[in-house]
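In what follows, chain A forms one complex with chain B and a second complex with chain C.
The block that comes next holds the complex of A and B.
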């Protein structure tokens, strides 16, 4: 990890040689993943070429498919941006999954309270802010468990993920159940005036897309050019040294958690207000966990993260048709994504090792 | 209101329900005692549960199912060992990615076997002993994997604290350089116990799909237990018996949540289903707080508290999660 940081610290020194090495690394890992996936497909008795074709056509084959990819890309990118803050501070914010859910819950709460008033646009805007606050508050819980009670953030986050999943289910089957009968289909659909405006033909919200792009730019700026970014890197790089420089690691970690939770909460808010228009049991769709993989594969680089997120969104979208066309389970996308990260990490560490031993 | 509540039945259900969790907890305790965190538990258990179910139903042999599950667990653990011990990659990153990947792999490969009939490791009362009052029903009226889990607890304790192999293992976990100076190969020990611990974790998957929660589906029902096992290792302060007690405590909470559901029908079922998870995390917080300076100062003044904190306070193996520098 330290070499990664060191590399990012001086991007200008990256010469042609390093760039070539990077391309070779990517090629090698893609090769490993294709070989592994083909093996898995053969074991499952599936035709590998047809399967890959379905994945590509199902994600990039038409404009409507591409708009679906972007709909997945938005929450994935937002959560990934949030995770960059916590990873820079050396924190494993596994609770991001619950933070997405709590953002969705807070947005739903705000929309139900606001209702379809003449000021619907205002209610929607406030609901998005509420979503960010919900995610940030949930992250704060994990942060306090870490800094005040000494519970490792992985376990604090996981515990809170279980709690938020339970809360979502309880709300859907309890207080927020549909009139008549509660069901897995979720709460009642919001009034149409409360939806985030979207392009009808593509069912895509330009506002959400714009905010996700803005989040990437703001994250890049905050991490590279502000004190906050410097403090995060200082604490993540060496907590004890940071103390000697007069930093308070716990305060910096809490700030990182707040940023991460806010962005994850916004992801949940868009899922509720722009995609499903109601709260459903699987509201987070596992995008929080997937975002952790995105950031790992992007080597904690803020500009690489949206690209990786797009690639992962393609896989997720392409896999939707696997059960219908080839009667294969759609979890294949997760297998490819996971093996991609493992292969990339392994290839990277092998190549840096051999480069170091060569001098 | 308390209808149908039988202490003996509850105790017996706890012993049986905890069996897979006990195996996974013991496996991870061994691994972490050697200084490696295998974070891939949750996915490994799902994958090995799938493998055990498929192999057992195709071959009709329970034994083959268990053997394959142990092999699957060992293979995933070997990946963790290869990447973290040999290549020096972050153990947390590798383990976490493997957790997600192996779970999806299980769902993908096992989808055609979902909700099919499969063999179940049925009840096998121990001859004579099961006739004993109280203990007979609680301890000796189970299926084979449950007995196995109980024997494993005793064996793990004996191995860690009463054999020279166990001493070497603990030595590597505490101080790799000192172990190296004494002629032990720390990397070899780490790889061996990561793989052995992984095999135990794999067995726990088979114990789920062939015994405690028989069958395969998406979800299987064992999801989340790997994370609980990881938390229990910390809660148990890296001591096999204490970690196993934690597993029994968790199983007790799960059994009780079923009873609570029937006692309080107004409270939605979801609350009780997830309640044991945050409770475990809360216990984790309490057992970590015991380590704090304030708690130690307080304990010094109260003899009763001192006994309590000594029971709980135990630092992790010193080289846990660290890679050995080869410079």
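The block that comes next holds the complex of A and C.
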């Protein structure tokens, strides 16, 4: 573990100049995004300042709002950590969305099988493990399609996302429908004893929060200070050379997919056991796709990802009140998130290019 | 067009690739830029062609000061560069490549360009079929195409970076006579090379670079000894070939056919014994690349058997070959051999395969050992892509296993200067003396003749010659390589 913290300290040694350049980059992209969003708002005929105020107050305005933000942050961070594994190995794991859903499905299955037994705590714990396994297995499908059948992981993942969405709907309207009626509101709510324990007043689960934080630290450790992380970076950097160095790229990629799927599955498991307490059609809430944006904006950095995820969670939560207060659609958060990523990537590439030509 | 470079500096961090270079290039002159690897030749030329921006210094084109931000700006001043690996569009045809980058209408008149290309080819003595896809061309032909394209676009300053690497002697003659004609027509031709022979044959004037500075210059007629002294500080002795006692069988290819490369491999039956150094000669892409990859277990033969140490390894993967003591190193260092983004120490860590958690300090000290014993100019934490080509090559060689049975090396000394080549072969010779078989490809006939115990000549995917160096010479090999047995 000592090396993890040694690595954490590395950015401090980068020197003031590089740090300043980084800050300037972030400032420039935020400026671009604010300008662009203001433009969108003006076109939509909304008051920009009021809108930004609603976004801030709606997410950080009170403890209960903050706890809502954290509830979004947990699955987003878990899925983002998972994606770091696949990105390091050079894989575009678009299938992360389906992996979140399959984690939710597996957790639901385990909870239905376990039922409200006296050992409810045990069932819940096993259901979380089942969720990880579900996500990991689904990721393995995409992995095998890539390594055995030569299907690019983007297409495999995208296809599997549709399959898993179909499966969720089929389960809700078929085998797992509520007694008597099948409803878009999802399956029957679980017995309360199966819910992940949470603080009543804030409706927030310390266990889930703890696991998400642990996931970040474990991910950072695995990627920076273990053989697994090195192999992932090696295969991601140059598959052909990795073979000559005695690595088996397909095995390494499969390992990356398993890690990614496991963490995405855990995100889905928390959605089921901690947030909705049942399986609903939109169980993933699009957090898989959003996590892709998080990791891109964090520039594949383990420590930046949770920060970006927090920012995105604030936007998502703050935007909930836009329709009520300003009769704006809440999809504004998506516009901001999307333009943020594009602006950051553009600003980064522009500044790298000018730095390079300056030598 | 006269080009004057004044006090050109290019610094990459602490490394001074160009450290105050002064140079004047005159029209109607073939100017040679000579120097060993890492002397700063390529950097200087990339600055002149707008590919790299200088740190400081002045460039004057006909006494007008210029500062090229990109290759297009240099091109608009009539400066064009031919890179060692041609920058063209392989899936397009010769004619389409010729048209690319030239002024044309939205629906261009192809026959006009076809005529222009044919005219240039006739004038220069090139033989290019406009409808052939460039992917099917040899490096030499692609070079001719690039040259024609530059001429059609009105470039009056032509910079050629190591143009004779990987082309046949016939193509070299054609190229040189074309360059002479251009020069006598008033063009400024710059030849970047580390080959004395090329410079002595073609150039009117030579500037020698050493460690980022000008170490001397000369005009025709040249004194070889003086040029060598400017390049190296002293005359290097040629490498010596020691005969090795062949030991047990290391590699046996039996009637192997395989796909891949430009020509594939056909009907290949060869035995190589331990202790033997076998040179693969031939035009680049005549089957040597496929041969090495089949012997390494990277390419599976479509027919025939592959044996390593008398064990049938047909169809096994590279890892199985590796456990049998086979090591392969590709010619494309950064594309196939090293992992960009990883440091030298991290490369070492992959090879150690010890515990699950990484001990980066231990890897760094191991990396330091390798760096020192192979004289790599790098630090353990340097990313491999920041090393110069020659240093990348040394680093690759430092990763070779300690006690191999069979080393398969693709162009192991490509782009290295004579000192480095000699140094590399002293190392490899020691490995062969310890009982390893070494099979290597090279486009330098002299190198093959100097270090090999046996020479296999490839032509169009077949081995057409299997001789001992004492039974042949450069002329005979050159003929065989061109398919004239």
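The definition used in the following text is that the second predicted complex is superposed on the first by the 346 of 359 C-alpha atoms of A that agree within 3 Å, B and C clash if a C-alpha of one lies under 4 Å from a C-alpha of the other, contacts with A are read in each partner's own complex, and residues count from 1 in each chain.
To be clear about the criterion, a contact is a pair of C-beta atoms (placed from the backbone, for glycine too) under 8 Å apart; a residue touches a chain by one contact, two chains touch by 3 or more.
Everything numeric here is computed off the predicted structure, so don't read it as measured data.
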Q) Overlaying on chain A: chain B and chain C, fit or clash? A) clash
Q) Looking at the overlay, what does A:228 touch: chain B (first), chain C (second), both, or neither? A) second
Q) Touch check for A:189: first (chain B), second (chain C), both, or neither? A) neither
Q: Name the contact category of A:203: first (chain B only), second (chain C only), both, or neither.
A: neither
Q) Which of the two partners, first being chain B and second being chain C, lies in contact with A:62: first, second, both, or neither? A) neither
Q: Please indicate which partner A:117 is in contact with in the superposed arrangement: first for chain B, second for chain C, both, or neither.
A: neither
Q: Using the touch definition from the top, say if A:339 reaches chain B (first), chain C (second), both or neither.
A: first
Q.
By residue count, which of the two partners contacts chain A more extensively, chain B or chain C?
A. B
**Q.** Stretch in clash, chain C with chain B, out of 21-29, 93-101, 129-137 or 291-299
**A.** 93-101
Q. Quick one: in the complex, what on chain C touches chain A?
A. 10-12, 52-55, 69, 298, 318-319, 322, 328-330, 335-342, 346-347, 349-351, 353, 355-358, 360, 399
Q. Okay, in this complex, where on chain B does chain A touch?
A. 39, 79, 83, 87-90, 92-94, 96-98, 100-105, 107-109, 111-112, 218, 224, 227, 230-231, 234, 268, 270-271, 273-275, 277-278, 280-282, 284-285, 288-289, 291-292
Q. Within the complex, which stretch of chain A touches chain B?
A. 1, 40, 43-44, 92, 94, 145, 149-152, 154-156, 158-160, 162-163, 165-166, 169-170, 173-174, 289, 292-293, 296, 328-329, 331-335, 337-339, 341-342, 345-346, 349-350, 353
Q: Would you pull the chain A residues touching chain C in the complex into a rising list?
A: 3, 225-231, 233-234, 236-238, 240-248, 357-359
